[in-house]
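Heads up, the next two complexes both have chain A, just with different partners, chain B and then chain C.
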Partner chain A sequence: MPDIHQSVPKIDAKEKISGRMTYVADMRYDDMLYAKTVRSSQAHARIRSVRVPTLPEGYHVVDHRDIPGKNVVKMIFDDWPVFASDTVHHVGEPIMLVVGPDKRIVQTLVDAIVIDYEPLNPTFSMTDSVVNYHYDKGDPASAFKAADTTVAYDYETGYQEQAYIEPQGFIGTYDDERIHLIGSIQAPYYVKNAVIDTMACDPDAIRVVQATVGGAFGGKEEFPSLMGCQLAVALNKIKRPIKLIYEREEDMDVTTKRHPSKTRIEGAIKEGRITALRIHIGIDGGAFIGLSGVVLSRAIIAATSAYTVDNLDVSGDVYKTNTVPNGAFRGFGAPQMIYAVEMFFHHVAKHLNVDVHDFRLKHLAKQGNHTSTSGLFRDPILMPEMIERACAMSDYHTKRKAYANPEVYKGIGMSWFLHGCGFTGSGEAEHIKAKIKLEKLPDGLVYLRVAAVDMGQGAKTTLMKVAAKTLDLPLERIRYENPDTDLVPDSGPTVASRTAMVVGGLVARAATKLKKTWIDDEHQVIHEQYVQPDYVRWNQDTFTGDAYPAYSWGVNVVEVEVDKTTLEVEVKHIWSTYDVGQSLDDNIVLGQADGGTAQGVAYGYLEVMRHREGKLLHKNMTDYVIPTAVDMAKTTTELYNNPFALGPYGAKGAGELTLVGGAPAVALAIEMAIGKRVHAIPATPEYLMEVLHHAND
Partner chain B sequence: MVSHVIPKTYAEALTVLKAGNHRVIAGGTDMMVRHRAWAGLPPLFDKPVLFAFTLSELKYVKEDEQVICIGAMTDLETLLHHERTPALLRQVIAIMASPAIRYVSTLAGNIVNASPAADSLLALYALDAQVVLESTSGKRILSIEKTIVGPGKTVLHDDEMVAEIRIPKTRFTHTMFRKVGGRRADAITKIGFVGCATVNEGIIRDLRLVFNAVAPVVVREKSVEALHVGHSVKNVLSDTDTLMHHYSEHIKPIDDQRSNQHYRKEAALRLARHFLDTLA
Partner chain C sequence: MPTINFTLNGKPVSLNTDPTRRFLDVLREELTLTGPKEGCGEGECGACAVLIDGHITNSCILPLGNVSGREVMTIEGYRETKRYRVLEEAYIAEGAVQCGICIPGMIIASESLLAHNPHPTDDDIRIGLSGNLCRCTGYNMIVRAVKRAATRGKGLW
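Now for the complex of A and B:
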């Protein structure tokens, strides 16, 4: 097999492009019923009564009284009910399912159900903290005391919707006392474990199979557990195949999104350097905590992004509001923080009236430096050459001089960033404990038994390549079917930029073992389990130590032109350099790069989502504006090799890295073009008009 | 579920409409969205529907000395590439929707849908387009302004349909079209502007300023325009504030999920001012 980075056709490309691929919405069974969710119209209210019309023969309602086990969806923090019982906490909260054979009648019944609410006081502001984290590095108090000067700025980010092309959905059957769920999901075992708790049943009674996923971006990490639990309760009651597929508007209205955030950063400056930072980030968790605490962890750990600052006082809160719960989204808290930090470094340099580029370079993290959480950057950091290359490709320095003229309305912005690969802290070792199996059949075909999901990102192709190359077999001899919890061990959810590095690492190790012990015509099974590298030490209570075993690094340069009259922003070009350790397939990594920067840059200037009194205003693809091909700028991307010892062939994470730097790069470019500071994203023309009228510099 | 008719001829279509209870579907790109139902169920039409998109008699672009006549079922993509389509209208169509939608949507649909944000209306208002309405009892020819009376409201009778759109041939020395949408394709207009003018030896001979998405109907104030015709560009430019003041009264945008009043109003006036600046 040629070098691992050389691209092969993605193994699922033909079926997908030709339209032959089957998604969960395409599946059907004889006797199948359709489910539709009855939802709260109130942001916060007590349910006084629910009046269900007389149900025709063969139609059912399913609600919290039908749950055999706990009425809570098992996530990281278990506070999210499967069905609302006496109180609703956000508009769109599920109250019951209506199930039956004819969609028209199901819809009529849904419309005829009358819920009597006693309104309660809703909260929409970020005031009610439900999670609070704090950590220090060094001695921030002394550094602030000794400072020549201090500067503080505030930053805000809005919602972001994953906007996967395929809405959420499941189909389920009930056979032989077993519940079998097939869904568009990122984490088969999250669903299985949640359903076991809700059903209070034997683990063997639940089988979860991943259907081909049409995009996820984190949106199918924890939310499908809720749907899976609801469907399981319905299957247990009705014992017929049931389909539960969301419509686009329903999906956008009720599923998890990126947390809106507010960040305040205060810097202590001495002799032209930032000696300490005091940072507080607040994120809007919505009505239930779910994963928000973990999102907050990643956000606060990203506090210094690609820089080193010796003294830190970092804290954060998750606030509960009566809005749709927010959750996992590519980047997982890091995009909010990295946006704020990158803007802050620029704003401080401007305040000090020093060259921004030199000022940033002074603070760039180096191998051997301590991370924000006092861990160690052990591996080489290629940022200096990656930055220089990105500047050369984009002609950054010439352009930033030329665009300093406020008349030209052009701007160029650059962001530097890192992304921790894998679960935060001891997550891999203590919570996930990934296991995989490599199974060789007598005919010589090798099956990857992993729970990792290919949601379009190319996991199947890359993991199969790792196995094929290690075994020295042609790719055709490797098999990787959509995970089925009856067949695959729990290798963890497909999240946190962990799949290539962690699961791929296990595949490489198993393949090495299989190769050594290979016996022709025999059925052989190799098991592997994740072992945390010895040197990784993490204290979750104090947030100190190595938050991640490895980091991927990146540089984005974005050039924009702003229309003088309307302040519309046109993104002209995006240049990027990335260190993802070792690319396992160049086209796949470049695909992640294009998609990630598209999503990250759009987060910074284009994608607007707001709510009014807890009701989302943007709930279809007309109103929630993501870039089209016409909006997408040209991209130029170069990859750097910097192999990580424990990743397969040196691979680190690539999935999230490519998103996290987009927003600050475009915001900085816009800032240069209009000559005013951008403190909030998305930097829409409406926002820029306001800034032009009210801001001073 | 409602019934539907697919007429073979235009005459048959008019006869079906005579009963007064059918709704016309041209391309359906507004109708199908508005009446969408749970996937897999038929659309939720409130009245029987008449599918008119297949009427080849209404697919044409003709012209005489003065007027270009566009058959009501001509799709936008055809218009985009047709050499007889007025340049300004072509410019507008080029940024409407996306190719897939343009192949199955019509000017007539854009008119009768009567959205204050409809794009083609900018050009049709600026070019003094006329709409030919027809029923079994005859034809009515109305100006575009008289056709549309409010958001989603037209003066069409239940038995009438749009047969043709007529656009007088006009030459201008200056035209400008700008659509501000949330993005560069497939976007609903936040605010749109068309300016047309003829300037001769420094004197404004013709001036037309049209705004959409800033009021319940498209804004074109012929009386304000007339005040400036016959004046020198220099004069007009020396006091754009007065002109802007006139428009200020008519530009009354709303806050919605796509934009806000403040931005809409300011962007609209800035575009108009920018257009006037180009006349110098």
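Now for the complex of A and C:
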């Protein structure tokens, strides 16, 4: 097999292009029923009564009273009900399902159900903290005391919707006392484990299979557990196949999104350097905590992004509000923090009247430095060459001089960033304990038994390449089917940029073992389990130690032109350099880079979602604008090879990294174009108008 | 119920069903052609695109009655053509496929674009595909794939 990074045709491309690939919405059973969800119209209220009209023959309602086990969806924080019972906490909260053979009649029944509410006082402001984390590094108090000067700024970010093109969905059957769920999901075992608790049943009674996923981006990490639990309850009651597919508007209205955030950063400056930072980030968790605490962890750990600052006082809160619950989205808290930190470094340099580029370079993290959480950057950091290369490709220095003239309304912005690969802290070793199986059949075909989901990021192709190369077999001899919990062990959810590095690492180890013990014509099974590298130490209570076993790094340069009259932003070009260790397939990594950067840049200026009194105002593709082929600029991307000793062939994470730098790069470019500081994203024309008319600098 | 007659992928079809039904539902549920996908149901994303008399149309906002007497081509019919082979090769070679949910619609849009403009510039391609949303790829690899198909498929369009 040629070098691992050389691209091969993606193994599922033909089926997808031809329309033959089956997604969950494409599946059907003969005697199938359709389910629709009855939802709260109130942000916060007690349910006085629910009036259900007389149901026609063959139609059913399913609610909290039908749940055999716990009325809670098992996530990290278990506070999210499967169905609301007596109180609703956000608009769109599920109360019951209506199930029946004709979709249109089901909808009529949903519309005919009358719920009588007693309104309660809703909260929409970020005041009610439900999770609080804090950590220190060095001695921030003394550094602040000794400072020549201190500077503080505030930053805000808005919602972002994953906007996968395939809405959420499941189809389920009930056979032989077993519940079988097929869904568009990122984490088959999250769904299975949640359903077991809700059904209070034997683990063997639940089978979860991943259908081909039409985009996820974190949106199908924890939310499908809720739908899976609801459908399981319905299947248990009705015992016929049921399909539960969201329409676009329902999907956008009720599924998890990226947390809006507010960050305050205060810096202590001494002799032209930042000696300490005091940072607080608040994220809006919505009505239930779910994964928000874990999102907060990643956000606060990203506090210094690609820089080293010796003294830190970092804290964060998840606030509960009566709005749709927020959750996982590619980047997982890091995009909010990295946006704020990148802006802050620029704003401080401006305040000090020093060259921004030199100022940032002085603080750039180096191998051997301590991370924000006092762990160690053990591996080589290629950022100096990556930055230089990105500057050269984009002609950054010439342009930033030319665009300093506020009359030209052009700007160029650059972001530097890192992303911790894999679960935060002890997650991998203590919670996930990933297991995989490699199964060789007598005919010589090798099956990867992993729970990793290919949601478009190319997990199948890359993991199969790792196995094929290690076994020295052609790719055609390797098989990797969509995970089925009856067949695959729990190798963990497909999240946190862990699949290539962690699951791929296990595949490489198992393949090495299989190769050594290979016996022709025999059925052989190799098991592997994740073992934390022993140098990784993490204290979850104090947030100290190595938060991640490895880091991926990146540089984005974005050039924009802003229309003088309308203040509309046009992105002209995006240049990037990335270090993802060793690329396992160049086309796949470059595809991640293009797609991730598109989402990251759009987060900074284009994608707007707001709510009024808990009701979302942008809940379809017309109102919530994502980039089209015309909006998306051309990209030039270069990959740097920096193999990580423990990744398969040196691979680190790639999926999330490519999103986290987009927003600050575009915001900085816009800032240069309009000559005023940008403190909030998305930097829409309305916001820029406000900035131009009210801000002083 | 009136009978609605049209040509689907080269074969005559006649249906006795409510003419106000969404054509996408008729295709997917009645005729079990699941190549056209539902991404938004409001004419914004192009995942449900089909060709009607050679013109790209979003079938999710099209009442069945409107296809009466017309020639409809879905990805299921189009994939049997030589032009499709060229686009397929180009999409694979350029790495233009991620989750794939938008891709059948993108292929229809690519065909519609190339049929009207066999030698498109990059900007022509971007404009031609701007009715089709893709959340995975950032479009650049798709634009390159269409370009490649235009070059390699000389004379086909």
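The rule we apply is simple: the second predicted complex is superposed on the first by the 697 of 697 C-alpha atoms of A that agree within 3 Å, B and C clash if a C-alpha of one lies under 4 Å from a C-alpha of the other, contacts with A are read in each partner's own complex, and residues count from 1 in each chain.
Throughout what follows, a residue touches a chain if its C-beta (ideal position, glycine included) is under 8 Å from a C-beta of that chain, and two chains touch if they have at least 3 such contacts.
Since the structure is predicted, the reported quantities are computational estimates derived from the model, not experimental observations.
Participant: With both complexes overlaid on chain A, does A:N353 touch chain B (first), chain C (second), both or neither?
Facilitator: neither
Participant: By the touch definition at the top of the document, which applies to A:I165: first (chain B), second (chain C), both, or neither?
Facilitator: Once the two structures are laid over each other on A, A:I165 reaches chain C alone.
Participant: Per the contact definition in the header, classify A:M689: touching chain B only (first), chain C only (second), both, or neither.
Facilitator: In the superposed model, A:M689 contacts chain B only, not chain C.
Participant: Can A:Q107 be said to touch chain B (first), chain C (second), both, or neither?
Facilitator: Only chain B; A:Q107 stays clear of chain C.
Participant: Give one of first, second, both or neither to describe whether A:N121 is in contact with chain B, with chain C, with both, or with none.
Facilitator: neither
Participant: Output check: A:T566 vs chain B and chain C. Expected answer is one of first, second, both, neither. What do you get?
Facilitator: A:T566 sits against chain B, while chain C stays out of touch.
Participant: Any idea whether chain B or chain C touches more of chain A?
Facilitator: Touching more residues of chain A than the other partner does is C.
Participant: Touching A:S49 in the superposition: chain B (first), chain C (second), both, neither?
Facilitator: It touches nothing on chain B or chain C.
Participant: Residues of chain A that sit at the chain B interface in one complex and at the chain C interface in the other, please.
Facilitator: Touching chain B in the first complex and chain C in the second, residues 25, 247, 622, 626-630 of chain A appear in both lists.
Participant: If we count contacts the way the header does, which residues on chain A are in touch with chain C in the complex?
Facilitator: Residue list for chain A touching chain C: 7, 9-10, 12-23, 25-26, 162-167, 212-217, 247-248, 455-458, 587-588, 590-591, 594-599, 620-622, 626-630, 632, 634-635.
Participant: Across the complex, what residues on chain C touch chain A?
Facilitator: Within the complex, chain C touches chain A at residues 28, 34-42, 44-45, 47, 74-76, 79, 84, 87-88, 91-95, 97-104, 107, 122, 125-127, 129-143.
Participant: Given the complex with chain B, which residues does chain A contribute to the contact?
Facilitator: Checking each residue of chain A against chain B gives 25, 36, 103-104, 107, 245, 247, 564-568, 570, 606, 608, 610, 617-618, 622-623, 625-631, 685-686, 689-690.
Participant: Of all residues in chain B, which touch chain A in the complex?
Facilitator: These residues of chain B touch chain A: 37-41, 98, 178, 180, 182-188, 191, 256-260, 262-263, 266-267, 270-271, 274.
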